[in-house]
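Below you'll find the structures, each written out as structure tokens.
Next come two complexes built around chain A: one with chain B, the other with chain C.
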Partner chain A sequence: MKVIAQGYNSFETKKSSEGEVVYLPNPQSVIKLIQSGKLKEHILLVQGGTTTFLSPALTMGAIGVITLSGAPESHLGILSREFQMPCVMTAHLVDSDTRYVTGGDNEEHFGAMISRLQGKRVRLDCSDVDHGKIVELD
Partner chain B sequence: MMVSGNRASMESPPVAPLIDDDTFDVLNAIYLHKMATPQHVVEVAELAEPEVEGILKRQQGEEAVIDLGGSFVLDEKGTAKVLAFYREVYAPLRAQAGVIAWYDKFETSLNQQFIKAVSDWQTSAGDDRAREKMTKLVERMIRTLRQLATDVSRYEKYAKRFERAMARADRGDDDFVCKPTVDSMHNIWFEFHEDILALIGRPRDV
Partner chain C sequence: MSSYKKRYSEGDDGLRFQDLAYVGNFKGQEPVRDGIVGDRIMRSRAKSKVLEKVSREDVLKGQFTLNELNDLNNYLAWNIWDVLVMRATEGVSGMIPRQEYEILAFMNEFYRWPEILRMTTDEIGAEGVINIGATARREIGIKVNAVHDWCIGAVGFGMGRCGLLALEAIKPNDYVEESNEILKFMQRVLWGKRQDGYILNSQDRYRCAIHDKDVIETLASHIEYFEPGSDKHQKFTRFNASAELLAFLDHFDNRLGLGDTGPYELPDGKILIIRDLFTNEEVYHWSDACDNAGVPHCYSLLLVIDAEAMSLEEIRVNDISTTFTRPKNYIEHIVGGAIFVREKWNTPMSEIYPIAIDKLEKRVEGIQQATMGLYSKLARMSRRQLITNGMYTYYIDMILPHLRLAGTYEKACVDYDFWEIDQRVANYYYDITKRGFAQAVVPQKIFSGEGYLPFPDGTDLRRSKYFWS
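For the complex of A and B:
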């Protein structure tokens, strides 16, 4: 097990979520995941901290979320605290210098993040006040 | 320019939305909430339950909505219908500087303050002062919403919903401050934010 990425922690919790990371780019992918019956087996990866189309997944019992942008005050930060669901925001890879830049061209950064995280089994460690960690499981 | 109900007045260019007003109200309730029970749709659209159920059944047949075990989400066709209605019916308002100025002020001032107040309330474990701050912002929101309701009459429904949520929260029911699964102050605020963005045709900043 090793920490592969980290970001802002939406809220401090001892709850530790484990699952396979799945990138959800649009509302249809969220609906498909819910219909598969495997929602709770996944950690949900989305691009924005204000990804409103994720709401049905949160209502249906999602276990954890990773965002590539946004702050704990963002929409998903607020919802994660209400649902008490671990959420790591504006995650970046610990072995890379690239970071999300507000208002910048982040396509390459997002692509690298999605490529590294998609399909991996991870645990979200949100026990720190400020930082959430994404731990790759063996 | 006054927009009576959902539609523009006779002074506006003729519009031909693909869906009628009631169908819009039902689909829009789902669009704004992202996933909604028929009961939620009945409450926010102010339509009778059999009417809502009939519309949902028809729209399901047209592959515009999907039933996820008693809660409904929009499929791509449903979202397209809702956005087409916004485009057609609210085109005159999109051209009005006053509405755009109202939105810009809401986005940069009131909305920023409200989101901070919500986060403060959540992270202070329900501190009374944080809740009072939220309540004051909602009261301001109701006043300013009623100014906009002269142009978009259905926005009066948001003012009423805010008043109901505030009353429940004032009686000590903290669920009505921020809980996403009830018609809380934050939930209503979120839905209105989605609504005004669709009305003026701007994407949400993600």
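For the complex of A and C:
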């Protein structure tokens, strides 16, 4: 087990979620995941820190989210606290210097993040006040 | 042991909720931080008294001085940064092009609202505008609230003018008369709501305890108490989260669906937050998904928080009606709650009714059905449709509650083509998608507090480019 990425912790909680990371690029992929009946087996990886995109997943009981942008003050940060669902925001790889830049060209950064996290079994450790950690399990 | 009451002592600087600092129009001076200390520094830099407690007579005056306009511009720029700079990091939605609809709505508001607000003031008088704000003191489930009232000035004037300046569509000394019209309307509504002389929650150490004592007592008699982690706690917090999610979705992922007031201290020392969740806005055509699921206009929740158990250090009900605490997780320390229903926006207060926590299951099902229906509907909309509809959620909704209470909404629609988009803004649609203008300008100029240029010295207060009808 090792910490492979970290980001803002949307709220501090002893609850830790485990699952396989699945990247959701569009609304159709969100609907497909819910229809598969396997929503609760996955940690959801999304680009934005907004709420609407993940609405059905949140209301149907998603267990954990990793975002590549956004902060606890973003709508998804607020809603993750309301649902008590661990959420690590604006995550970055601990062994890389690249970071998300607001309003910048983040394509390469996002690509590296998705490539590193997609399909991995991870645990979200959100016990710290400020930082949420993504721990690789296998 | 909690320490949040220290925040209300004179001289206390409060906590810092973020690491960033604000500069704005004060280049070369000490950067300003967030929270209570930020408010104090911004007010100390004002040239007028407009940011201190003001009287009814001050508010009834029809004209701000140039210094007052610039002080409001500077303070709102800091306040916008204070509440939104971190939210601005959230990037693309993956569903709704929010930065695009936001900046177009800001500019449309700046162009279109002045004549509609002036008409409304003409119809009901300045006292009537103050009374609109005062209505919120005795009602729940009402959109005359911190976020809507703040938006009149912070968004319609501040962000609208900022966006147009960034687009180089206007100059700093343009539209002074229109700016005054918007800011006066905002000041009157907010002053009428608070009635302590301030207009913003940030001026009062982030308190928005506007309800009269007897209103609180009547509502609080319906509170059900429970243990944290109990079945009732689960049911209540799950309902809160689900309704809040739908409120965001119905309002195209913006904050207009949520309205907190408080904190109110209960007799046993616990804290009460009153939260309006606007789950079905009838003017939106997509809200038929909410109608079909039997979802009402608003669910109002009373949240009782055990400040001692969570060792509460600071609580902010900010000017966009959102509660943040340190520590952040207040949900697990909710020890009591109540839920009220307002079926329609104009349902009388006497007909608002409570629901027992054990009766929430069907309500949650309705909310989930509406959420899925709405999502499915939005997922089928084109980018252009999403931007246009998103614009309406800002441009229409931000002043809708005030026009409804003033009785001028129909007149605005019929005589002023309220639902039309200014032709200039319709053309800006193409400009804002070039060179990433929307993605860059919204977070970097508008939410960062940069770009709020002052009205230059000597500017004539009558400067206007509007064609008053």
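A few points about this structure:
In the analysis below, the second predicted complex is superposed on the first by the 137 of 138 C-alpha atoms of A that agree within 3 Å, B and C clash if a C-alpha of one lies under 4 Å from a C-alpha of the other, contacts with A are read in each partner's own complex, and residues count from 1 in each chain.
Keep in mind that, in the parts below, a residue touches a chain if its C-beta (ideal position, glycine included) is under 8 Å from a C-beta of that chain, and two chains touch if they have at least 3 such contacts.
All figures in this text were calculated on a predicted structure; none of them were measured in a lab.
Once the complexes are laid over each other on chain A, chain B and chain C cannot both fit and instead clash.
Touch criterion not met for A:45: it reaches neither chain B nor chain C. When the shared chain is aligned, chain C comes close enough to touch A:103, but chain B does not. Shared-chain residue A:35: touches chain B; no touch with chain C. Of the two partner chains placed by the overlay, only chain C lies in contact with A:90; chain B stays clear of it.
Once the two complexes are overlaid on the shared chain, A:13 sits against chain C while remaining clear of chain B. When the shared chain is aligned, chain B and chain C each come close enough to touch A:56. Look at A:122: by the touch rule set out above, it reaches neither chain B nor chain C.
Between chain B and chain C, it is C that contacts the larger number of residues in chain A. Contact with chain C, but none with chain B, is seen for A:25 once the two complexes are overlaid on the shared chain. In the superposed model, A:79 makes contact with both chain B and chain C. Among the listed stretches 43-51, 349-357 or 421-429 of chain C, only 421-429 clashes with chain B once the two complexes are superposed. The intersection of chain A residues touching chain B with those touching chain C, taken from the two complexes, comprises 11, 27-28, 31, 47-53, 55-56, 58-60, 69-70, 72-73, 75, 78-79, 81-83.
Chain A contributes residues 11, 27-28, 31, 34-35, 47-53, 55-56, 58-60, 69-70, 72-73, 75, 77-79, 81-83 to its touches with chain B in the complex. Of all residues in chain A, only 10-13, 24-28, 31, 46-53, 55-56, 58-60, 67-76, 78-79, 81-84, 90, 100, 102-103, 106, 129 touch chain C in the complex they form.
Chain B makes touch with chain A in their complex at residues 33-35, 66, 68, 71, 73-76, 79, 115-116, 118-119, 122-123, 178-181, 186, 190, 194, 204-206. Chain C contributes residues 83-84, 86-96, 98, 237-238, 240-242, 244-246, 248-249, 252-253, 255, 322, 324, 327-329, 331-332, 367-368, 371-372, 374-376, 378-379, 436, 439-440, 442-444 to its touches with chain A in the complex.
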